[in-house]
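See structure below.
By letter and in written order, the chains are A, B, C and D; residue numbering begins at 1 in each of them.
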Amino acid sequence: MSSERWHITLAVARYKQGADPHIQIFELEVDPDEYVLDAVERVWAFHDRGLVFRHACHHSTCGACGMRVNGQEKLTCITPIRAVCQKDGTLKIEPLRNFPVVSDLSVDMTSLYTRTESAAGAQVLNLKHSSLPFEKNLFPDDGLEHERLSDCIECGMCVSACPAALTDAAYAGPAALAAAHQTVVQKGLSALPAWVDSAEGVWRCHSGFECSAVCPSNVDPAWRIMELRRLVILNRVRCLFGLNKD
Amino acid sequence: MKTPENSWLWLYKIVAGLLIVALLGIHFVVNHAVAPEGLLSYADVANYYQVPGIALMEIAFLVFVVSHALVGLRSILLDLNPSPAILRTANTVLLLVGAFAIVYGVWLVFVIQSRG
Amino acid sequence: MPDKPSAIVVGAGFTGCALAYDLSQRGFAVTVLERGEIASGTSGRTHGLLHSGGRYCVNDRESAVECIQENLILRRIASQCIEYNGGFFVALNDEDLAYAPRFVEGAQACGIPVEQLSIAQALRLEPNLNSQVKAVYTVPDGAFDPLRLALAFAASARWLGAGFRPYHQVEQLLIDGHGNCAGVQVWDRSADKRCDLRADLVLNATGAWAGSILKGTRAEVVVTPTPGVMVAYDKRLINRAINRLIEPGDGDILIPQRRMVVIGTTSYETEDVDYIPVEADQVAQMYRDACALVPAVAQTRMRGAYMSARPLVGKGQAGRSLARTFKCFDHQESDGIAGLITITGGKATTCRAMAEAAADLACKKMGIQAACATAETPLRSYRDYYRAPGGAQ
Amino acid sequence: MRNHPSPSRFPLWFDPRSRHPGTWAFILNRITALGLTLYLFLHLYMLSKLSQGPEAYDTFIALAKTPVIMVGELLVIAAGLIHGFNGIRIALTSFGIGTRRQTELFWLMMVLAGLGTLFFGYVMFFKD
């Protein structure tokens, strides 16, 4: 979206079912103000129609285009090339970690969808419940009931960045735990899914805060996990002393 | 279903960790007061254990450190997504190791104290 | 019991997904082929406005009626991915004001509930709205999540047995000895393998690509791919969709979506739909148009700029003059190719109705009596697409 | 293609590349945890010399006063300080205290651990 032109090198992770994974190099002329996803799409359009990648909305509302750019999880549709690359530089594009690769840059996120569903994570929320409590005056408020699409776009980047998810396939992961917290905010502690308070749930987290660092959508999963811990422990203690009204 | 690392176990790990930090602090203060030159010989150690309350403090420290370490090891093991059989075995081994370490430590404290 | 008639749906945009759902419900064995993933073409990149029909009620009443009818249906069956807060039509100058009577009359004729608000009332409801507005009307607009809307239809289809094959690109239609369509030749891009798939019916639901997929056959469908640029800004400044009270034009709709506002759109024509760059001057134009509606956009960071190619049926001088309604082609009638149907045109808001029309035709061809039932029951959770029996595809 | 969670990928826990301070803290915590646990059992074994009487113990201590062992001791102290201070950070953030300032908290804790290590290093090597 500028007249500037950069020459960059794209090192793209390639994988086809039954073949060996490898890195393929593409040389591109790009506008540095375009987004990384545009560069990837350009590779598909002009260099290799076999390139497989996932994308849909191109403006950060759908979460389909999460990839690792130079090792770091990025929502590629809103990551300007300028922000992650130098002129004449190289961009390494890899699929998200901690999910099986379907092909090239596309991963199978069934586990994430299954878990957020079992956390009863709603996509449409009441405006009042839809923000983090420490955010102030974010949206115009006319006193009426409004709804909005939730912050979590289920892009899977938090799971990709989580060190605990590297080795433990059973760990629910930050996205599902954040969804569970959102559910509790909306419906109360009685709506807490049972798996949250288990080894695969909120106690598997090792406070790396990587999920919140890479989240493109303001969900702050780490903060939500810590809140869940506090709520669960408080609830346990209350039960112990018979103070619980639930 | 795995044996859960449930809320209590996690809370214990955190609380024990904080108690260890607190006991270490007290330990240094007491140590400095009782033996400013440090516990560098057998005699120093033996004298140190004659101070009332020291044995109790050291035993508490031992219990918290051993249990915190073993619960921590178990949670690293849980990160590796062990099968229920492996986890059961690990639970038993960790319990035995912990029990042995504590019994042995307590025995050692009484041995030193009795020789003071 | 005889085998189910088989159908191949080409394209997993809104139309293809809704069509797969409708056909599965009516007793077809459906396979959906998509060269990308769900909604990776025009559908995914749509603006996201659940139209009340107000945009079209003066010049294109057929589309307007379709919109308000489908708006009400989608709110019933797909509330899981729609933020429904209504919308405004706002007049910014005297020219806009002059359009108002025609707008009100058109809306009433199309059955779109409109109501005029006082300026003070409108500014109380939407404090970030341009305070210089001269007239404000409410309409039942909404905003939807494009991927999740498509996924919800796809999920419902999969749970009725439809098979989805993403990353499968149709390379050509298979024409048998009688000149009829027998299936498709397909390239599985994820395994780099090619194969032929046969079916009783092939339904071309490729939208802006509907013409190019028919290349190599006698059949022809004239679609004018008409891209438009949209720009997203990093703050939710409004809760309702804000439409400019003018004839359909550029940069006349600003919608809230999640934490953003999205302005759209421009309109130009193109030949190559596979890669359309976003031009800087169009982004600048969208910025000016957004600021005219909601001045606070000027203090908001741009989050993303993108474009989407509308599939307009026919050929016109300017895209805006083409109707936004959809068209279903029976290639047996038009070109003498049995077993092939094309459905294209239309809008996201009307995708279910498009699927209904195409499925009606498919049923007629296969002698199936079942009536369309997609308007009645809510769709499955979009996440069920990935949790369907048989797992990921 | 091996991209999904698997126990065999545990070395990646310790890969600090393209990670943020929170994960550096996790890496340090895990390394020090394993180191300190090893030390704990070595230490318990070492103390068994106490039960064998004064001579055994004093000979052993004399042996332990070599510079190499003392550097090792300082490492144990540093590990203890890092693990302890970071543990305080985890406890605080887990109960909602400073959760949103965890990066700053991490640096604060590491500065405290560093100062503590310097203090003990000074006492052990230079103060007599």
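Details
The working rule: a contact is a pair of C-beta atoms (placed from the backbone, for glycine too) under 8 Å apart; a residue touches a chain by one contact, two chains touch by 3 or more.
Not measured: the values here are computed from a predicted model.
A count of C-beta contacts for the chain pairs B-D and A-C puts A-C on top. Centres computed as Cα averages put subunit B at a distance of 16 Å from subunit D. Averaging C-alpha coordinates per chain places the centre of subunit A 26 Å away from that of subunit C. Distance between chain centres (mean CA atoms), subunit B to subunit C: 65 Å.
Remark: subunit C and subunit D have CA centroids separated by 58 Å (rounded to whole angstrom). Subunit A has residues 167-169, 171, 206, 229, 233 in contact with two or more other chains. Of all residues in subunit B, those that touch two or more other chains are 79-81. Pairwise, the chains that touch each other are A-B, A-C, A-D, B-D.
The touching residues of subunit D, when paired with subunit A in their complex, are 1, 3-7, 9-10, 12-13, 17-23, 25-26, 29-30, 89-90, 93-96, 99-100, 102-103. On the side of subunit B, the complex with subunit D involves touching residues 14, 17-18, 20-21, 24, 40-43, 45, 65-66, 69, 72-73, 76, 79-82, 101, 104-105, 108, 111-112. Residues 5, 7, 10, 13, 30, 33-34, 36-37, 40-41, 44, 47-48, 50-51, 53-54, 57-58, 61, 80, 84, 87-88, 90-91, 94 of subunit D touch subunit B in their complex. Taken in their complex, subunit A has these residues touching subunit B: 164, 167-171, 197-200, 203-204, 206, 229, 232-233, 236. Residue ranges on subunit B touching subunit A, taken from their complex, read 2-11, 75, 78-81.
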